[in-house]
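What follows are several structures.
First subunit A sits with subunit B, and in the next complex the same chain sits with subunit C.
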Partner chain A sequence: MKSKQQRQLFYLVPYGAWLLLFVIAPLFLLLFQSLTSANGGLTLHNYAVYFGSGTYLRMTFNSVWFAFLITLITLVISYPMAYLLNQLKRKQFWLLLVILPTWINLLLKTYAFIGLLSKTGTVNNFMSFFGIAPQQLLFSDWSFLLVAAYIEIPFMILPIFNSLAEIDPKLEQASRDLGANKWQTLRRVILPLSMPGVKAGIQAVFIPSLSLFMITRLIGGNRVITLGTAIEEHFLVTQNWQLGSTIGVILIVAMVVTMILTRDRVKKNTRK
Partner chain B sequence: MKKLLSSVVAILIVVAVLFGAQRYLAAKTGSGEGGSKVLNLYNWGDYIDPALLKKFTKETGYKVSYETFDSNEAMFTKVKQGGTSYDLAVPSEYMIEKMKAANLLLPLDHRTLTELKNYDSRFLNQSFDRHNKYSVPYFWGTLGIIYNDKYVKASDVQHWDDLWSSKFKNQVMLIDSARDVLGFTLITQGKSVNDKSTADLAAAQGKLTTLMPNVKAIIADEIKMYIAQDEASIAVTYSGEASEAMVNNKHLHYVVPSEGSNLWFDNIVMPKTAKHKAAAYAFLNFISEPKNAAQNAEYIGYATPNKKALALLPKSIREDKQFYPDAKTVSHLQVYSDLGQKWTEKYNDAFLEFKMTQR
Partner chain C sequence: MKKAFKWSNLYLWFVFILLYLPIFFLIIYSFNAGDVMQGWDGFSLKHYVELFADTRIIEIVVNTFLIALLSSLLASILGTAGALYIYDQRNRLIKNIFLSLNNILLVSPDVIIGASFLILFTVVGFSLGFASVLLSHIAFSIPIVVLMVLPRLQEMNQSLVAAAKDLGANNWQMLSRVILPVISPGILAGFFMAFTYSLDDFAVTFFVTGNGFSTLSVEIYSRARQGVSLEINALSAMMFIVSLVLVLLYYVISTRSSKNKKRGTRLVTPATEGL
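This part shows the complex of A and B:
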């Protein structure tokens, strides 16, 4: 009995070391750095700068707003799509097609969009067949939302698809037997049962969207500014790592809030 | 379980083979830090003619390990943290000043630098490195306006103030750099690009904000791609980027406003971490030889500070006013000095606020 416990403890060592080195230590360093001044003293100055500056607050608002829009767009597209995929015969194959784009490097996908959306790009060429003059498509809020949503969509579809696939088809049949029509079944049975997937999807999309920054420059032309831009600037250009860390801490807090808001309140026995 | 185990073993074998192959290739091409006949060169990406590196190895026997960085700040951080053994690095002028102040540079032995005489005296003894105690010029260039003659008349974009013209609504792309954008705004107001006055900076920021309706995007290296694809008709960028874009689109032209602009340098320095000094001096002399410098300048497309190399370049390059502006314009160009932490932040904050301006 004792040796089994010891063995379990032994298995915990690499896991614990990993957590300590790559999760807890960096978080602590980030928090510590955000509380120091340039010459090393402890201070709340960085937070005062952050909360005292209209620029940063507006930027935070921007980040949350765009992350919200991206999440909303992906959700609206993903739920029906995951639902339909689930009805198909060879659903694993179709799902694979949806996941396929995630195998391609993010930057390459972004550059592909430049080719599509630029003034001399595919979309404008196509439009010119109908006599529509080239439009400015890049460097707008819309193009940013389009590309960001495209990139995030697989991360929304996957969890929703999985939670839908896990629902016992008998429940649906039972609901029909008891007189519910298709719409009622969807609303009262399928939707509540797939909520964990939706929440997981929201987490997987909202949180990374808060700090997107490559796309804000390449597609948004820096007309869309999020906190990611500010962090990059403080770490690379001004070398004010303290303020950069402060913004990092604030992003982490925002993520924790999101996790709390979307966690599963009622513990359920999920069947495998 | 057995299946899992065998796939784990298979993955480990593949990793081991790849690792072995990587080591073999590294030994063959001479990269990596080991060995004594090696030169560790830390440079911007694609910033030397690869043929020259081969030639250098052939002539001197030193193998070159070429590592790249994409910003002065990233390079500074890496050299400062140590653990590297770069023998030569190529920072820009303000960064040389900063590295000097941080004691990260070794003074150069001018007796060993036999080829320093080839350089144009205009580009030696600059404010950031008097008597070239620490650095040898590599390339120089300017900040300017690139425009497309299909959409814009040349006479409409000769000066910085022209960017504010109501004709160019939503047509201008700016380089994503606080110093450069605030710099040319300061020049339009008759101030220095190294201005350290709160009032002047606020005035520049105010004026810059009125440029926003004309601004299409604020981006970095992508400018050369976008402008070559006709995405915008005007852009503010560096001469080197402009020359690359112009190769891809014959309608593009580059102007250095005569009232002044930024003059930038990339110089070669020897960081404190240097371990192969003989190799470093051999390279400095090699790259300063007129023939090699000319070949490099033709490949990169930036302006060479090497007077004898310039004479070897074809006339079409040598007399190109866009990249080798006349003496009068050159006399109005200003070199950046290191602003220090406080003012770097002020410039960047002002720029960030400008970027947040709504159209």
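This part shows the complex of A and C:
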């Protein structure tokens, strides 16, 4: 018994130190920072500023709205993709091809879009073949949505693919035997059973979309200010860490709410 | 029926082209004789020559890989210790608390991690630079290693450990002769994941890097804001090759170690890092 305690302690000391220093302490400090004023006193002033200002509330609403749009676009593209991938023969290989782009540095992918979308860039050149005059594509809401969705698509495909792959093919056959057509099978059998994957995908896309900050600069030209951009600005540009932390706390709350909303309730029901 | 099948293939092709177009676009233009990402002026390797003559970029690449290697090594050790602790913990409540705490850094947005680490380093009085970036990378890699090692521990045959104990093995012998060899594929997978997380990270590094020190992502960010330079394209072509090799290695490791199991659909991606 003593040897087990020794062993546990040996593992706990480094791991526990990490938990304390880099998980608990930073979150606590962030919360604490949001409750202080510039000269150190405890105050709710930052929250009053945040909730009292139309700009901050509008920014938050905008950020949520854009995250919603990004999630919707990726979902619409990814669900059919995951469904079709699942019917291929060597699906693991094709799935790997979907995942491969996520291993390429994000900055590089974003950088590619600067070349593609710039005023004299490839897309505009291509359009001019059809007699369409060069448009300002970069630094618009659309380009921001496009690039953000591009980056998030694999993270949506993967969980949906996994949940589709787990569905027993017999269920589909049974549904067909019982006279359901292809569409009915999809809507009544496949879709409900793949909901856990859809929820996981929404979680994996919505939360990062709220905190995007580099793309808003490079592609969105600061037209779209997300919660992430606001935090970055307050910390690294205006040096108002107190208010930055306040927005950080808001972002954490938004994250927790998203996770609760997309929690998997299906499992609980079947456990009865 | 046949027509519907064709449509579905078309869609698959469409999404795949969409996914790879920007990447190949970058790589193709790295061979452009001209200096911008538009118009094709002929084939040339001059941007690669420029790249290798650019000592600042070379230094940053070396730094980036050094950080990735050191942080993933240390995170593998600490993460394995964490996984062993959680596995050994018999109290369900404590076990769940540790698991939830472990996952906090995995689900938090990078901006939050970066900002809160910045506060931490400032409060403690730690100067920003190589060490702060390294510590941050270790910190956000540990939970990944834990998550990769824990399933291996749970799959491990309990009688192996019991037998070792009966035969008089002490803690250290049990760990080094029995447990570690069994869970080593998990540790290796965790190491690779941590390595790619570290290479890929932008947001956390951006917050804690200070003035003097820079990693590749941060450097590309600051250069991209000034305008396009095809040297970056040459760099991305090389990074693409590196990622490709890493993915293949990881794929070989993960498929080899799960061969005896039923072939699972479990494949892991780096989370939506650093957006």
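Here is the rule we go by: the second predicted complex is superposed on the first by the 245 of 272 C-alpha atoms of A that agree within 3 Å, B and C clash if a C-alpha of one lies under 4 Å from a C-alpha of the other, contacts with A are read in each partner's own complex, and residues count from 1 in each chain.
To be clear about the criterion, a residue touches a chain if its C-beta (ideal position, glycine included) is under 8 Å from a C-beta of that chain, and two chains touch if they have at least 3 such contacts.
Keep in mind the model is a prediction, meaning the values are calculated, not measured.
Novice: Aligned on subunit A, subunit B and subunit C: do they clash or fit?
Specialist: On the shared subunit A, the partners clash.
Novice: Going by the contact rule set out at the top, does A:118 touch subunit B (first), subunit C (second), both, or neither?
Specialist: both
Novice: Would you sort A:237 into first (subunit B), second (subunit C), both or neither based on which partner it touches?
Specialist: It touches subunit B, and subunit C stays clear.
Novice: Counting only touches as set out at the top, which of subunit B and subunit C does A:14 meet: first, second, both, neither?
Specialist: second
Novice: Going by the contact rule set out at the top, does A:138 touch subunit B (first), subunit C (second), both, or neither?
Specialist: first
Novice: Applying the touch criterion given at the start, work out whether A:217 contacts subunit B, subunit C, both or neither, answering first, second, both or neither.
Specialist: both
Novice: Return the chain, subunit B or subunit C, that is in touch with more residues of subunit A.
Specialist: C
Novice: Let me test your reading of the model: by the given contact rule, A:228 touches which partner, first (subunit B), second (subunit C), both or neither?
Specialist: second
Novice: Quick one: is A:55 in contact with subunit B, with subunit C, with both, or with neither? Answer first, second, both or neither.
Specialist: In the superposition, A:55 touches subunit B alone.
Novice: Considering 113-121, 167-175 or 221-229, which region of subunit C has C-alpha atoms that clash with subunit B after the structures are aligned on chain A?
Specialist: 221-229
Novice: Residue by residue on subunit A, keep only those touching subunit B in one complex and subunit C in the other, then list them.
Specialist: Looking at subunit A, the two contact sets intersect at 114, 118, 120, 217-218, 236.
Novice: Using the touch definition from the top, list the residues of subunit C that touch subunit A in their complex.
Specialist: Interface residues on the subunit C side: 8, 11-12, 15-16, 18-23, 25-26, 29, 36-39, 77-79, 81-82, 84-85, 88-89, 98, 101-102, 104-105, 107-113, 115-120, 123, 135-136, 138-139, 142, 170-171, 175, 196, 199-200, 202-203, 206-207, 216-217, 220-221, 224-225, 228, 232, 235-236, 239-240, 243-244, 246-247, 251, 263, 265-267, 269-275.
Novice: So in the complex, which bits of subunit A are touching subunit C?
Specialist: The contact residues of subunit A facing subunit C are 3-4, 6-8, 10-12, 14-16, 18-19, 21-27, 29-30, 33, 77, 80-81, 84-85, 87-88, 92, 94-116, 118, 120-122, 125, 148, 150-155, 158, 161-162, 165-166, 204-205, 207-215, 217-218, 227-228, 231-232, 235-236, 241, 244-245, 248, 251-252, 255, 259.
Novice: Quick check on the complex: what are the subunit A residues that touch subunit B?
Specialist: 38, 55, 58-59, 114, 118-120, 136, 138-139, 217-218, 221-223, 225, 230, 233, 236-240
Novice: Along subunit B, where are the residues that touch subunit A in the complex?
Specialist: The contact residues of subunit B facing subunit A are 71, 73-74, 77, 170, 173, 176, 178, 216-220, 222, 225-226, 229-231, 341, 344-345, 348-349, 352-353, 355-356, 359.
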